[in-house]
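Take a look at the structures listed below.
Each of the next two complexes has chain A plus one other chain: chain B in the first, chain C in the second.
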Partner chain A sequence: MDDFFFSLLLAGISVGAVYALIALGLNLTFWTTKTLNFGQGSLMMLCAMLTVFISSQGVAITLAVVGSLAVVAALGMFIERWTVRPSLQSSGGSMGWVVSTLGFGIFLQGMAAKCFGSQAVAFPDVVFNAQDFVTLFGQYISLQYLVVLAVAVALILAFELFIRRTVWGQAVHAVSLDPELALVQGIPVRRLILGSFMLSSILAGVAGVLIAQIGGTVDPAFGFDLVLLGFVAAVLGGMGSSLGALAGGLLVGVISKLVGGYVSTAAEHGIAFALLMLALAVRPQGLFGRPEVSKA
Partner chain B sequence: MKINRRSLALGAAGLTLPGLVRAQSGTIKFGFTAALTGPFNEFGEGINRGAQIAVEECNKAGGINGRMVELAEVLDDQLVPDRAVQNLRRILDNREIVGLMCPSGSGPTLATADMIQADGRPIINPQAQTPTIIYPNGPDKPPRPNLFSISIGNLVESEKLAAALSEFTRIGILHESTGYGVTGADLVRREIMRRKPAARVTVESYNQRAQDMTAQLVRVQRANAEAMLVIGLGADFAVIRRNMSRLNINLALFGAAGAVTVPYIEGAGDLVAGTRAVNHAAFGRRPMHGAAQKFADLYRAKFGTDRWYGPDAANPLISLAGTVGSGYDCINLLIDAIRRISSTAAADVVRALDQTKDYEGATISRISFSPQNHVALKLEDLGTYEMLKRGDRVVLELRD
Partner chain C sequence: MLELRDLSVHYGAVRALEGVSLQAAPGGITAILGANGAGKSSLMRAVSGIAPVVAGQVLLDGQDITALPPPARARLGVAHAMEGRRLFRQLTVEDNLRLAWSFGARREKLAASLAEVYARFPILETKARTAAGLLSGGQQQMLILSCTTIRNPRFLLLDEPSLGLAPIIVQQIYGFITDYAAKSGIVVVIAEQMAALALKVSRQGMVLRRGRVVLAGAGEELLRGRDGTTLAASYL
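Let's turn to the complex of A and B:
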């Protein structure tokens, strides 16, 4: 395989996997509440910055990651309780959750700047460093890229299995279809919603840690652009579909890199997004989404 | 009570008079807007600290002809041009401000340059690199009358970088997509082509804060580049260096002044070894010249061996010159001009600045301006450094 093409493909798949994780996190809350947490980017940032801070106190990096994920999971519950639930409970289908989740994200950004400083800080290598690689068919493959891909795919597949094969997964599915009927059936809807926000936040945290070790630095503004790309991946794949999130993320990542490599790096996102718009014009429900049917 | 025009005029005069008196006899006031917070506060907070040291030093020595100096308006723009414009409007509305310092980057400085020129009060640019800030009609035309610069300008930097890259024939330039990056890349490319017409230069851009630069790097690699220059900020440079390692790209790596900062050294870790970069020569020479050493000592006494200074008390970071020292020099130049001319009137201070001759600054050992030349930094004030790993520490050694 051409080295040039292979490098672009691998990088595209790797960053695309991170977009997929973000997309899956967005899907989760969309299933249970039909809302999206636009503060996901700040949770990514916070998890990465907390990891840096905790590990700088002499704590093992894996423990630092776990501790940071616990904090963002708790914040996920907070977001559901104080930013999403009030606007959903208000009459008239308020869109206040858009502003409040985004606002909470900006608040977290400010707090991180206050506590950790606003400059970029070095992110430690979690499993491998940038120099670790394997050779496959004569191609040089970074282990950091492979870890990102493996973690993202494993999480998404595990999630898909959870939804399809477990009782709780079926319950989530039921809530996504009709929360009121699910409540009548005795499904703990409130706990499921809370759980979906926690899990969504954990996925954001994992994505933050994965992408921070690729870049090597993290700062309070980290994550905002990535959420946009994750959102695009979710819509392209089909809102609410796990496999769609994976396919959408990988497509956005690979198309961006191929356009950057073969056409122009300046047009990396411009042309890629134009292609995606075209794809959505042909298939508005996304690649794996189902057209919405409304009964009279 | 009857209020007529005469009493109103007298009242207004009465209100205004104390201000006038205060302006004459109170403190001498300076102001500036800079990125005091946000991701670029390394530069804005840096010049703020430099300015604070200059003011304290001046006041400790009795001020200017007995009058104390003060940083009366210090506002935060986070390097956002719109905010810099609003802040500067507020500063310029304060008629007691007699001298200013430009914001920390090219974007905010370009956005405010016309406003400053129209106002007429003297202002000195510590860090912004774009040449049009001082010479809007080209470097061979007259400068803006009241704008002066001690920053590492793109013109001089490109000359130094092109000289450092002259041993290579195939060169890649990776630059951020801002005014600073675009102008810098264009000037370096032109200078390389002027020196070596047979050279092949591949230019690629990236957006600040991008987390993966694979596409840019493989394009440079495909062009068979032997060396690569990065024009951007430290955190992005770290992303690029790590990305190079992941792709097994081993080119001679060069960086512009903005790149050689703490985020690069911390973010890229051991990978920084071998990187060469252009920056102020003053802090790399041993012994440092008097004003540089004095500034370093003052900084360490006030702020300690922090992120800007670095961990080694005897050897401040080279980047301290650009991030903090430039703010110190700007305020000192204003103080020096006011002291020489014994006036705070804008036209007088501008005239005095025009007559600055061989002033010993911390970042530039001899600063001179003239009505035709408002840019102090010359080629010999820059050095090419190589980053070396010594034990667990990264050191920068001056090569030429």
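Let's turn to the complex of A and C:
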């Protein structure tokens, strides 16, 4: 295995794990409301930009990250209350949330450009800098990529444990299956939905910081492509499946990095959408989409 | 005490209930009878909070809950087995029970509550790890009943518990309901199309037709009928 291939593979796995994180966030709101927050990309950007801004004021970088995540979490709840809920309550089961969440995202992007300028700014090193590496089997491995991978995988595992092992995770599952039955059984569905948007936004925020760390810079337009890649990962793996999100994320990450390395970086994102179209044509339920379990 | 005062439920232009009043005291079963579309389910949905009430009040022990959202009513002890065998079909039998217990009154530990359910319906223990959607109709109804009783409710609403089941299973289900009502001393309301079946075990009954009360009285009285034809006539 040559070095070039190996480094592309590692980079692909690393960003792929972050795409999986974004996909999990999309899955979460899909479970509770059958909606997706298309403003997620702007939340990723905002979280990274705020981190840069707060740390530039002399605050420790970890504190800056936590503070930015808190802001993004609050915005996630705002998005549910003011862009998604009104749309779902309007008569005729409207799809207005597609435009309202996207619109709010574009608004955030505009505000960020106004407040922080539209130039790309350097993202500070959180743990390691881009030159740190370890040697393994004779290969140079970037520590930043490893940290990003480790954080993403740890969060995915924690999220899965939360969904599978806790009562609240089960409640999320229940709401996705039959919201009315969940209400009647005393599950506080409203609060659960609000919480799902909050958690989904936090996942997006973390993903934003991780990608910014790898890329080294962040600008107001950052994030929009990324949430689309997360969406591709979610659909590819099977909308609503956590294992699918991980597989889809890794697939998109690795393939786009390989294409970027061997063909052209300009084709990196295009290939993800080619994958999406292929998946929708061949296997629309996704890699891990489950058939319904039912008996009349 | 469950009380409805002049309750009206409208789905847009469709008037499902018009000015229905009812008092159901604890320690006995109340039967809500009527043909398809008479408003039985709407009445129950109004109590658990998932029907659009346009006028009137729902009271639990004198407390007006008409404006409360469904989960708050569930916390006050309302348990509703909805029509159409509603279960979380992809979840296992035990997950359904655990979920119902988790958001219920939790008067006993989960293990004790589960043991009680399994002692009553051993087949549910055998099928504990099976997806609820794969159970037979009778088993699903047993699970639904168990999901409501495991919550330790104070107001139990059962919508057509006999629908689509074999007579022998219906007997078993009704046996369970009567026992539970007698033992627990709570308010039990059953909506049922098979009038005789429900009235036999009920203290009082009420017949709905097109959203209005057309007949109400003691169970025995409705069953026998003053002239034997009242009940049948009220269905027409």
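Basically, the second predicted complex is superposed on the first by the 271 of 296 C-alpha atoms of A that agree within 3 Å, B and C clash if a C-alpha of one lies under 4 Å from a C-alpha of the other, contacts with A are read in each partner's own complex, and residues count from 1 in each chain.
In this text, a contact is a pair of C-beta atoms (placed from the backbone, for glycine too) under 8 Å apart; a residue touches a chain by one contact, two chains touch by 3 or more.
Because the structure is predicted, anything quoted here is derived from the model rather than measured.
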item: Chain C versus chain B on the shared chain A, clash or fit after superposition; value: fit
item: Which of chain B and chain C A:I211 touches, first, second, both or neither; value: first
item: Which of chain B and chain C A:G138 touches, first, second, both or neither; value: neither
item: Broader residue contact with chain A after superposition on the shared chain, chain B or chain C; value: B
item: Partner chain in contact with A:G261 - chain B first, chain C second, else both or neither; value: first
item: Contacts of A:A171 with chain B and chain C, given as first, second, both or neither; value: second
item: Chain B versus chain C as contact partner of A:A221, first or second or both or neither; value: first
item: Lowest C-alpha to C-alpha distance for chain C against chain B (Å); value: 40
item: On chain A, positions contacted by chain B and by chain C; value: none
item: Chain B partner contacts - residues on chain A that touch it in the complex; value: 4, 7-8, 10-12, 14-15, 113, 118-123, 129-131, 133, 140, 142, 144-145, 211, 214-217, 219-222, 225-226, 256-257, 259-261, 265-266, 268
item: Sites on chain C touched by chain A in the complex; value: 48-50, 69-71, 74-75, 80, 82, 86-91, 95, 98-100, 102-104, 131, 133-135, 147, 151
item: Touching residues on chain B, where the partner in the complex is chain A; value: 37-39, 41-42, 177, 204-206, 209, 211-212, 214-216, 218-219, 221-222, 234-235, 238-239, 241-243, 245-248, 262-263, 266-269, 271, 307
item: Chain C partner contacts - residues on chain A that touch it in the complex; value: 167, 170-171, 173-174, 177-178, 180-181, 183-190, 292-295
